[in-house]
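For reference, the structures are reproduced in the following blocks.
Shared chain: chain A. Partners: chain B in the first complex, chain C in the second.
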Partner chain A sequence: MAQLELNSLEKRFGGGDEQVEAVSELSLSVIDGEFLVLVGPSGCGKSTTLNCVAGLESVTDGEIRIDGEVVNDKRPEERNIAMVFQSYALYPHMTAAQNMEFGLKMTTGLSKGERREKVESTAELLDISELLDKKPKSLSGGQKQRVALGRAIVRDPAVFLMDEPLSNLDASLRSTMRTEIQQLQDDLDVTTVYVTHDQTEAMTMADRIAILYDGELQQVGQPLECYYRPENRFVAEFIGEPAMNTLPVERRGDRLVGSGVDFPVPDRASGGLSRGQFTLGIRPEAISLVEPNTGAVTGAVEVVEPLGESSHVYVDIGDSTVTVKTEGPKSVDRGQRVGIDFPEDRVHLFDPDSGVAVARRASIPNERPSDRTALTD
Partner chain B sequence: MATERTIEDSSLGGRIRRTVSRSTVGDIVDRVVSRPLFWLLPAVLFIAVFQLYPMFEVFRMSLTDASQLTQGESYVWLENYRQLFNSERFRSTLSVTAIYSASSIILQLALGLGLAVAIDYGVRRGLRGPLVTRVVVLSAWIIPGIIIGLVWKIMLLETNVGVLNNGLGQLGLDIVPFRSDPDMAVISVIIAGAWRGTAFSMIMFYAGLKRVPDQLYRAAKVDGAGPLARFRHVTLPQLKPVMFVVTILVTIYSLNSFDLIFALTDGGPGRATEVIALAMYKTGFDSYQMGLASATAVVLLVITLTITAVYFVVFDVSEEI
Partner chain C sequence: MAGSTDTDTTPDSTRSRLSGSQIRLYFYDAATYLVYALAAAFFMFPVLWVISLSLRTEGAVYSALNLIPSDPTLDAYRTVIDSGILGWMRNTLVVTVVSVLGIILVTTPAAYAFSRFRFRGRRTLLLAVLGFQMISPIVIVLPLYDIMRTLGLTESHAGLALLYIGLQIPFSLWLLKGYFDTIPTALDKAARIDGCNRLQTLRYVLLRPVMPGIAVVAIFNFVLTWSEFVMAYTMLGPAGQDEYTLSMGIYLFDTQLATQWTNIAAAAVIGVVPIILFFVALQRYFVRGLTDGAVKG
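Take a look at the complex of A and B:
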């Protein structure tokens, strides 16, 4: 159990003209027992950050502290961390038990019997006791991942680092393992940093998520905070499935006008908004289809994706396409003209250049409709 | 079935018959090419004509008194083998071959692995030009052994002209009898052989090392394994299949070494560097005793097969094959 702090962490690769900045000025603090998910698209620096924490990459600048102690120059095994890798990274020539035991053998003075005991109790926890004598080759993807988790857990580390541990599993197994990892982390109460590019994983598993883009921290907060109150356009579009709709608009008087869009400036935002260009953001699940010419915009249905309980409807509104998530099975047809209603309290406004949110929710709704109205700048 | 079709329209008859016969030929071709045996046939024929038959012929000849000096031959059965095992020359040849092969195998495996690990280590840390390095090293292997033998002969000449002796002379040292002293000659032959063979094992080991996933090393680092422990617990086990193949091939090459030694020392001084393949050649083409030479060849084959079988047990590669 430990607290992990990153202070102005920087990592650059290469030198001279070819230098690439993978992580810049990243400051984060993970409290004892917390499950923090680092999420972002490929190449955003999340795995590099994790490798720096693990000691597998050197740090260019800044510091990493585990329980207050700077560990920048410490070797991986001196940092009291354990890591789970994307492709499991199990030693193919060793049995599951030997894989789990290896770290203990290298780092502790435990006797063979003591090591075996630890391995067995961890295997029991993960329900893999019957796999201990098998080699990775004869294990399924899910079983391998359990052994890889076991290898990390058996070391009883201060911090768990997980680098996209579920991305090699099929969809159904992934959701099962998601719950299991969450439960394990809860039971073991070990500080965990989990890297993924999958926003669903991030949303469902994390105590807090840190969204990275281009090596920079975009926002860090509880999953719902990031969903309802994104600090910038990147976070707004990255978190949520399907992605938030964004439309370029211009403020004219008390209206926001864009190609096919004509919408009143949200009440709570009107005071702080200057005139000029904005990007209007609205989530597909926040909007509904209405009769043509009665909502904020009107357009023709391009594609309907029925998903059973809900459908995704793509509506062409001239220069852009708006995604609408509708309840129930297919309710509209391709080519049909429909109106789209934007509830005022769900509209986000972003600065078109910096992407910073200029109008977003004041708070996260907690199931009471009265809380759902606040908008602020 | 196409052949059972009743043809009523006589004007179409010819065309239909042609179609039917064409499809029958097509059927037969289809059936033949779908058999695995058809595709194995070229290889089977090649091996039978150029390898199995000569091998059988050598075995048969080893039971005869065939000679290049006389026409005809008669079966003497195991006489050649009896003569071989009773000859002092053959026993010395066997021991020279054993010393030469064992040293060559150890040197080539150790040096090849060392070089490959060094290059792999460098490449994983951003070293440039691994291809150039490999090509340079490999050039030692693609040069024919007879030329390498001659090159080493010039290097080891026992006058001031010899490259090595010239260098030693510059340092004020005496001339070393690299080729005329029996013990030195064996060492010279071993070193020249290793110099050549190391390139091959290095290339093989390097290919094997490249296949070791980086994540295993990272996992081992997190598990607290230092460089030596990583080599022992990750690299070596991962190299096992390659190690097996390289060991077998190097062993076969070493046991059958001929060209390089032929050019460098011709088995001399005396018979100090006469390995079994060289003895076989001399028996057959200098003494014209083809029967005895064939028996030597059969013994060499049995030795090679036995050692290979031992490797199969020692390496326990049943899982990999």
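Take a look at the complex of A and C:
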């Protein structure tokens, strides 16, 4: 177990005109035993950050500390970390047991018997004892990922680094493995940094999530905090499925007008909000369909996506389309005119240029500790 | 039960359509095998003809054009063995094995470096290596001879092997680099996390997955070196016959008075056996996809 700190971490590739800044001024602290998820779209710098922590990439500037010690110049095996890769990266010519044992063989002075004992006890923990003599080509995707996890666990590292470990698995297996990794991390209580582009994975697994975009940290916080109180428009749109609706509006007196919307300025924002342009954000699950001309905006239904328990209704309101998540099966028809009600306390306002939130939810609703997946607004 | 019900209720027309498509499949299969057989015959005929020649008397070489000799004899084999073919084969084996090992020893780490490291001048170096490959050895044989003579490496098997290594590195390097490129870099990363330095990564992790590529390089260079004539003749020509390689020895049967076709054929048949054995020994690496299961495909 260990504490991991990133202080003003920077990573640039190339030189001269072709220089690319992959990670910019990233400062993060992962406390002992915490499960932190780095999440963001492709190319946001999350895997580069992980590689820097692992020692697979050199750091351009800033420092990485593990348990207070700067590890910038240390080789990967000297950092007391273990890593799980998206593509499993199992050595094809070795059996599962040899794959798990290899790191111990290269980095410790343990005898063959001691190494075997550690491998067997880890295999038991992961329920892969019967796979130990098999080579990767005869294992299924899920089994390979378990062996890859075993290879990391057997090292007894201070920090686990996981680079999209579930991305290559099919949907049902991914869900199962998600739970297992969470359970495992809880049991082992090892500081973990987990990289994913899948916001559902981030929301359901993390103690805290750090959202990256274009190499820069956008927000770090508990999943529900990021969901309910996004610090900027990127976080608001990235977290949550379907994505938050955003509409350009203008403050006119005590009203927000634009994009077919005519809506009172939320009380919590009216004091500090200057006149001018804003981006109004509201989550699809926070709004509801009402009779035409009775809500904040009226439009015609473009598409309905029935999902069983809920439906996604796309409503054309003129300049843009608003997504509404309704409970139950399909309740409206294509072309039907509907009104949309915007509950005042669910509205977010962002600066249209910087994207910074100027008005957001005041608080997070009470979370049931056992239900980290609850996302209803 | 469901299956039998399905079968029972299949309409006659469907059954006849199925059998029709099966007939077409059989026809395609037969046509494919016929093409294979023709291609095999095309390539096998010269080989069979050489074997046939080696079993004749010199007088029967031109007299009969049938493939199977009417009066087969092993005289040609006795003659070439008495002429010292086994010694030439031993010389060739030494030169070939040293060359192949040398080429693999040089190109494996070089190909790994070109595949994995991004360093200044990498692309230029790769193109320069490729450019060298485009020069025919015949063009540079005289300057090469001059250099080798200055170094005192002519009339020496070691010198000839060194020459082969130098000449074959470019192509082998490109070939092997291609194999390294197909191995996911995630394996390198995993090895580094597991405590390997670059050389250990190559030795313990990448060498086995790249073995099919090394086998291809080995076989290609074995065949090429085993049968090479121009360089061998230039470098070893002034040496005694005992130092000759197989291709030079075979050339001795083409005398000023006559070309001894049966002896040349017998020497060729004997000479090709090690290549076949070498190929058989290594061919399993062609078919074994060692990276199977390493990463998600």
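The rule is simple: the second predicted complex is superposed on the first by the 366 of 377 C-alpha atoms of A that agree within 3 Å, B and C clash if a C-alpha of one lies under 4 Å from a C-alpha of the other, contacts with A are read in each partner's own complex, and residues count from 1 in each chain.
Everything below uses one rule, namely that contacts are C-beta pairs under 8 Å (C-beta built on N, C-alpha and C of every residue); 3 or more make two chains touch, one makes a residue touch a chain.
The structure presented is a predicted model; accordingly, all values stated were derived computationally and were not measured.
Q: Taking chain A as the common reference, can chain B and chain C both be placed on it without clashing, or not? Answer clash or fit.
A: clash
Q: In the overlay, answer first, second, both or neither for which of chain B and chain C A:G141 touches.
A: Only chain C is touched by A:G141; chain B is not.
Q: Identify which of chain B and chain C touches the larger number of residues of chain A.
A: Partner touching more chain A residues in the overlay: C.
Q: Given the touch rule stated above, what does A:S354 touch, chain B (first), chain C (second), both, or neither?
A: neither
Q: One more residue to check, A:A82. First (chain B), second (chain C), both or neither?
A: In the superposition, A:A82 contacts both chain B and chain C.
Q: Thinking of the overlay built on chain A, is A:Q19 touched by chain B (first), by chain C (second), by both, or by neither?
A: Neither partner.
Q: Given 1-9, 19-27 or 289-297, which one is the stretch of chain B whose C-alpha atoms run into chain C?
A: 289-297
Q: In the superposed view, which residues of chain A touch chain B and also chain C?
A: Common interface on chain A, chain B vs chain C: 51, 54-56, 75-77, 81-83, 85-87, 89-93, 102-103, 106-107, 151.
Q: Once bound in the complex, which stretches of chain A touch chain B?
A: Contacts found on chain A: 51, 54-56, 75-77, 81-83, 85-87, 89-94, 102-103, 106-107, 151.
Q: Quick check: in the complex, which residue numbers of chain A touch chain C?
A: So the residues of chain A touching chain C come out as 51, 54-56, 75-77, 81-83, 85-93, 102-103, 106-107, 135-139, 141, 144, 151, 168.
Q: Would you tell me which residues of chain C are touching chain A in their complex?
A: Within the complex, chain C touches chain A at residues 184, 186-187, 189-196, 200, 204-205, 208-209, 290-296.
Q: Using the touch definition up top, name the residues of chain B that touch chain A in the complex.
A: Per the touch definition, chain B meets chain A at residues 213, 215-216, 218-225, 229, 233-234, 237-238, 240.
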